[in-house]
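In the two assemblies presented below, subunit A is common to both, partnered first by subunit B and then by subunit C.
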Partner chain A sequence: MNLKKTIRLKTLLSTLMVSFLTITLLGILAQVSGEHATLGNRLLSLNHNLTQSANAVTSVVTYFRGLDTLGEVTILFLSIFGVGIGINRSEHLHTILHYDNALLKMGARVLFPVIILFGFYIIFHGHLSPGGGFQGGVVIASAFLLMFLAEGDAYALDHKILTLVEAFSGVGFVLLGLLGVLLGGLFLSNPLPLGTLGQLFSGGVLPIIYLFVGLKVAAEITVLIEYFIRTHDARDA
Partner chain B sequence: MIGLVILGTFLMLIVVAYMVVSDEFLAGSVVYFMAFGLGSTVLYVIFSAPDVALTEAVIGAGVSGVVFLVSLLQTQTREDEG
Partner chain C sequence: MLEMLNQTPFVHTVVTVGSFVIFGIGLVGVLSKKNLFKIFLSLSLMESALFLFFIGNHYEVGMLAPIAADGITAFDGHMVDPVPQAMILTTIVIGIAVLALALSYVVRYHRLSGHNRIDKMDELGDEQ
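Up next is the complex of A and B:
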């Protein structure tokens, strides 16, 4: 009897809570209309004065929402960490999806530096043309995927260098944010000179942030691909 | 002309999406899923979102397909043993 009463009280309270939240949300939505609703236009008009980045998406990702990008990179790191814990590693690893083919090997070796160069091009031109840290980093990781598919077990990655790159870029991102606190007063503010719109060296800290993001994403996705593609030999188990 | 391209890509996406869920062979489903990623890349470019298109081209049509295929192969060998 008593239990039933508590449950009913809980239901009543949660109904009240939900209706209160709904009404508040509707009130906020009714206020946000007209010129305030076009947040995109407002960001675009701020973009030229604050960042001098030709690609407005980049200035949103690394400047207006720079803290969100830091969180995103952290989430990516945590998920790779989770995969590393979940997948059991042992000494006898073997690459699946690998076919020994001389032509494929040769083609992969020729294409590998070209894809890496393209990835770095996308990263460095993130504030000028479409793309940026995430896209370029993933392109670099796909070059390593190609090498895994073509070379198989013969292709070994240096995990020390990968870990160093990953840690260095993560710390560099946070240090850039703290540099913004020291020089500009706000986390991830833009203390460096902005330069002229359309130049490679322009936009202040934006290209540097994207370089760090790109290196971090490249290292993480490469490790993820290696975790997945190198597993126990099924015949050993 | 561009309208025809959009219409064609949408129709292709619908057909490929049906193939993904209807294929009996699971590895075939993964390959159709990668084709779906390529089709949506074209759509992103047409609707002027090249940033998203770059990500989708690598992730949707490359990395995720490989990850799916590897997981599929691993689980299948374990099912056969058990």
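Up next is the complex of A and C:
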């Protein structure tokens, strides 16, 4: 194999161009002096009185920038909607990644509830330790991925329950925001009792918002995994 | 010797250079690959470089994570800025959503046309 064939000219040119751009951008960045952001320090000093949440990142995500998180969850929903819009229900689908292994099947059945429990643990401790709704939701979805890998076509998801969970958690998030309007005067404000820092029942609405976010993310990522793993094999076409 | 490396400017330099190298690898992939799947994975790689750059440049040596645990009860200036972490959390989720949508379109395009190469797309006819 000669060299001309292995390294194409276009690849070489684009590599050179990208290197040039990268070095230019690095030069621009080197000029920028690190200015200390004061927003984070201000939020940190407010955090103790306003939210009583031990994890400041959680209070930024669900309280100070709660509207942002609502938009983010909406984007995730729209993405899943766009993925599902072209599914042909009458088409025969089968799981393309599936290992027919008795040990894997038994292990998956044992591990499935434990992984779900671990996901809920991460969700419920989102305001106390690293973690939260998004991370816990993805952990719960990984339990379903394990079941797809182990059981294959025999594992059927109940789409009605998934849709219900997704819809109710989305509506619950908005209702919590409206509750904040009614009781606190601001959308997504924190009208519930705050409790003490570091307790499981603390932070007011923050753990409830993260529970809704976690359920929604779990349902949506599960639907996504099912779409990509259960399709008709594109390689046969 | 090792203390010299454990300084905030050095850490920021390493993170900046490293994330830009990853970004460059992703950009080369986007520009030179013909497979739609590889193009979107390269975009995802560029996103990861952005996350690394953003998070790494807001880390300061000696500062704590913004979590009150292990005996720390007060939020003060000894903690790193929580806002970039929260923003990157948002960005990661949006990145997953966009990547999933893009890959589902790739799958559907392959189903309709039988290939997923960007240089063989001729749905618009022969017009240049």
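By definition in this document, the second predicted complex is superposed on the first by the 190 of 237 C-alpha atoms of A that agree within 3 Å, B and C clash if a C-alpha of one lies under 4 Å from a C-alpha of the other, contacts with A are read in each partner's own complex, and residues count from 1 in each chain.
The rule is short, and it goes like this: a contact is a pair of C-beta atoms (placed from the backbone, for glycine too) under 8 Å apart; a residue touches a chain by one contact, two chains touch by 3 or more.
These numbers come from a predicted model, not from an experiment.
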item: Subunit B versus subunit C as contact partner of A:72, first or second or both or neither; value: second
item: Which of subunit B and subunit C A:82 touches, first, second, both or neither; value: second
item: First (subunit B), second (subunit C), both or neither touched by A:24; value: neither
item: Which superposed partner A:101 touches (first subunit B, second subunit C, both, neither); value: neither
item: Touched partner set for A:139, first subunit B, second subunit C, both or neither; value: first
item: Touched partner set for A:14, first subunit B, second subunit C, both or neither; value: second
item: Dominant contact partner of subunit A by residue count, subunit C or subunit B; value: C
item: Which of subunit B and subunit C A:231 touches, first, second, both or neither; value: both
item: Contacts of A:131 with subunit B and subunit C, given as first, second, both or neither; value: first
item: Contacts of A:163 with subunit B and subunit C, given as first, second, both or neither; value: neither
item: Footprint overlap on subunit A, where subunit B in one structure and subunit C in the other make contact; value: 55, 57, 130, 132, 134, 221, 224, 228, 231, 234, 237
item: Of subunit A, residues touching subunit B in the complex; value: 55, 57, 96-97, 122, 130-132, 134-135, 138-139, 141-142, 145, 149, 221, 224-225, 228-229, 231, 234, 237
item: Footprint of subunit C on subunit A - complex, ascending; value: 8, 10-11, 14-15, 17-19, 21-22, 25-26, 29, 34, 37, 39-41, 43-45, 47-48, 54-57, 59-61, 65, 68-69, 72, 75-76, 78-80, 82-83, 86, 128-130, 132, 134, 197-198, 217, 221, 224, 227-228, 231, 234, 237
item: Complex interface listing, subunit B residues touching subunit A; value: 50-51, 53-55, 58-59, 62-63, 66-67, 69-71, 73-74, 77-78, 81
item: Footprint of subunit A on subunit C - complex, ascending; value: 12, 16-17, 20-21, 23-24, 27-28, 31-32, 57-58, 65-69, 73-77, 79-87, 89-90, 92-94, 96-98, 100-101, 103-104, 107-108, 110-111, 114
